[in-house]
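Given below, in the form of structure tokens, are the structures.
After this come two complexes, each holding chain A, first together with chain B and then together with chain C.
Here is the complex of A and B:
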């Protein structure tokens, strides 16, 4: 029986000759230095690739039930969530695996950068890797669009508005991207084609080249400060190391196997516990009561768009991405040799820390979005009781005006309400009566002017109330200019 | 078997004949490729080659719009396609100043296109995304928007308010009240 099976297999091997082609590739030698704990830093690339494969498998599954039509996509998502057997789980895995892929690609890239693995002779591997990062981000954005809900719809609108700012050809590019003059069926179908055919196709080819280069040029050895990269001698030294190397499969691969297995468990665990993302509200262009938020990886960009000075904004939107991407591509061209160890490359380490700090701070701001008015605060957040206790009728009228004129959408009382303007809980310690009147009527410092929306008595009542807003025992603000009111 | 140089020795004219045939081969491949590429490229560039123009939409009789009030009107987008579903709808804020004087605003924030909400109480439009705020007349009040709200062209036709709209307004291709080339 056994010999019959062997005979059967040999029949194929005789024709395929895999032992001469694939097997040596799988057994390609890896420097012995990876045997120490540092070897655990070499598992991120293979895990990111595994999640890509998982994306393809779950993506094919979703492709069988998702309807890429603007009129039906939303309902088909609900159908997948609630009616298709395990549809919710497939959507959840696709979502969490996508998140994991974005994270791992960035972690992999950071590790390669910090360990100088992009230097000679692996520059092209890095450059293709940057392309893979861009394609991954492209997959993330187009995937977000296919989740055809209000967040996705208006998020796409933001993307369209950004592209519309490109000088001269902006409007044409917008129509090309939308497939017409509006965001509708042709737009969704376009993004379906991008997400399912175009970007994965390019990703496949780029990944193939990336892997080819990884195998041809070998896994980089862990950096040693005393051994900077000299293109004249590097290859010779490296090949010397390989003579005592370990075969990739199965020896070195065991670490990848462990990390891949754990990652899959995390992805499946998160999917089972937290479930799929959305769809949120339907993508109805006539529903104004939405507060669109991008997926988490784009939150820092969301913050940048809110915080940029308006005069520089178009430049920031259009030029900064070009500079950042160009810098990433050119890293190995400008520092393709020399020191690899992060211990001797303080600028590289600082660059990573600075990037992480900026990303995290902007991300945190993106989560809080203090610049956005709280649309329902004026009717949903009452004035705290302590602030109206014992007030005169006029002051109470002022408190009512504060609510009715939607001031609370931007101004908090006792921490509740919008954060776009200052919290008014102790405004009377900061502004005098005259300053309050001027601020309400004329606005300024990012506040609209309310002069046309309120009559004299309303302003008077509102300011009378605001004057009471100071903690017990604090003095009211005093004008630095002495005004003579005797006449 | 004859090679090119054998031919040349045997018959000098063969070279020119062979060269001619070579060029013809390339030419046929080229013409065939271009003939195939033109319609395909045309298809991909279709939205730009033949852009659709905005169209007049009936917003209803004038008495549905009280003077000195602003209200949101939902309509079907005249440029919608057969599969657009709810995305084939569109909306505009109608402000009736007095008599036949109107302002029709696109709800898309001029900063990055998010939908602005109208607050009659304070006479302000507020954007939920990046905090843009506009006055009742569409002028920029606060926040990052680079200009006031986009406006649509309107006319009164037999006691009904007609509005010219369709395309998604963006900074360089604003609403029909301003854009020149794209309106019908």
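Here is the complex of A and C:
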């Protein structure tokens, strides 16, 4: 029995000769220094790759049920969520594993960057890696579009508007992507093709080259401050190290396997507990109450767009991404040798910290979504009772007018309401009656002018109410040179 | 139970045992699927997105569309309370529907019907009316016959019926103690910003029901506490509305 099986296998081996090709690759030596704790920093790349494989598997599953047509996509997602046995789990895993993949690719890159592993002779590995990052982001974005709900529809709109501003080729590019000058019937099929054929195809090839380079050029040894990279001697020294190295399989691979296992547990756990994302409201621009939000990794980008002054918008949209991507690609060209240890590369460490800080701050802004009005606050957020009690009949009318004129969609009272304009809870300590009247009638900043929409009585009542918005015992604002804005 | 046990014993090592094992092979995966179905991440009907115009639940509808002005629980909002059993006794469903469909021109009450550019369907408006009645309607048997009627009566020219001169006296007797001589003072009513943004219908309603949430007495209390010592009559209320309305036009004339 056993020998029959062996015979069977040998028949294949005789023809495939895997022992001469794959096996040596599996056994390629890894520097001994990785045996210490530091070796745990080398597990992110392979884990990201595993999630990619998981994406393909779950993606194929979803592809069997998903209908990539504008009219039916939303319904087919609901079908997967509610009717297909465990379909929701498939969608959940695909979503959480996608999130994990984005995170791990970035973590992997950060580790490579901080440890100077992109330097000679692994510059090309890094450059292909940057390409892989862009492709991963591309997968995330196109995947979000396939969700085809209000969030995705709106996100696509913003993305397309960005592309449309590229000089010369912008409009043509938009047409190519969307299958027409505007979002239409063909748009979803184009993005479906991008998400399941084109980008994954390129990703496969790039990943192949990346892996080839990783194996050919070897895993970088942990940096030592006293051993800067010198292209003249590096390879020789490295090969010396490999002589005492450990084989990748199974010694080093075990560590990867542990981390991969943990990550898969987290992904499945998140899917089981939090479930799939959306679909939220259907992509119907007439649904006014929908307040769209992009997936979290794009939030900072949207925050930048929303907060940048209109005059700089185009520049920020078009120039900043080019600079950032170019910088990433060119890193190994400009600093391809010399010191690798992060302890001796303060600029590199600072750059990473700065990037993380910017990302987190912008993300926070994105979460609060201060630029987008809360469309239903005017009829759905009660005026705090403390602002009603003890008010005169006219002030009460003013409070109703504040609601009716949708001021609450941009302005909070006691923290509830839109965040686009300042919270008005204490506005009377800042502005005098004249200033309040002027603000309402003329608007200014990002606030519309209400002069034409309200008669004198309404403005009178509204401002009388605003005048009461100050803490008990506080004096009202007085006109002064400093606070009197003459705009 | 025992019987089944017995069967298991005397059929030991015989085909049914394999059958039982087989049963487990079928049952276990089914069990697992069952467990998976009870995971917290599994989307339920409650997670399914519902178009706003399919929501029929009163609490949700009220919260989203009315609480901003009429208060979280139908009181203590800037607009007249809906959570007021006297109000709900005198107003008819048709009258509520009229307000919801068309809003009140010249006041902050917006048209709510989709046909008038609002957010709600006819069915949702019906659901709101039913919900308001069920939640806040009169629990007692008080009938509208014993109360002043809701609707404000108007002349052909749109002016409210009633005598503003007589209204002056009623106001001095029943209202001035809180709202000041001639309606001027701390709780002024004689003020363009107030009268210019509220309808006569709302004035009449507030005189009848008062605003219990803010300490404004209803027509019975206001009348009984005045010199007259009896509830305001339907005529008194007409006169008061006519008076307030005349203040409104006087103010407008002044401002021209």
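As a working rule, the second predicted complex is superposed on the first by the 474 of 487 C-alpha atoms of A that agree within 3 Å, B and C clash if a C-alpha of one lies under 4 Å from a C-alpha of the other, contacts with A are read in each partner's own complex, and residues count from 1 in each chain.
Convention: contacts are C-beta pairs under 8 Å (C-beta built on N, C-alpha and C of every residue); 3 or more make two chains touch, one makes a residue touch a chain.
No experiment lies behind these values; they were computed from the predicted model shown.
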Partner chain in contact with A:404 - chain B first, chain C second, else both or neither: both
Contacts of A:461 with chain B and chain C, given as first, second, both or neither: second
Touching partner for A:157 - first (chain B), second (chain C), both, neither: first
Which superposed partner A:378 touches (first chain B, second chain C, both, neither): both
Partner chain in contact with A:186 - chain B first, chain C second, else both or neither: first
First (chain B), second (chain C), both or neither touched by A:282: both
Touched partner set for A:71, first chain B, second chain C, both or neither: first
Overlap of chain C and chain B interfaces on chain A (superposed complexes): 282, 287-289, 378, 404
Parts of chain C lying in touch with chain A, wherever the complex brings them together: 33, 36, 39-43, 45, 47-49, 51-52, 63-69, 71-72, 76-79, 107-110, 119, 186-189, 191-198, 214, 255
Residues of chain A touching chain C in the complex: 78, 81-82, 85-86, 88-89, 92, 149, 270-276, 278-282, 287-289, 376-383, 385, 388-389, 391-394, 396-401, 403-404, 408, 455-458, 460-461, 464
Residue ranges of chain B touching chain A (in the complex, touch as defined): 44-45, 47-48, 51-52, 54, 72, 74, 77, 79-91, 107-108, 111-119, 121-124, 126-131, 133, 135-136, 141-146, 166-168, 170-173
Touching residues on chain A, where the partner in the complex is chain B: 69-72, 74, 153-154, 157-158, 160-162, 164-165, 170-172, 174-176, 178-186, 282-292, 302, 305-306, 308, 310, 313-314, 371-373, 375, 378, 404-407, 409, 420, 443, 446-450, 452-453
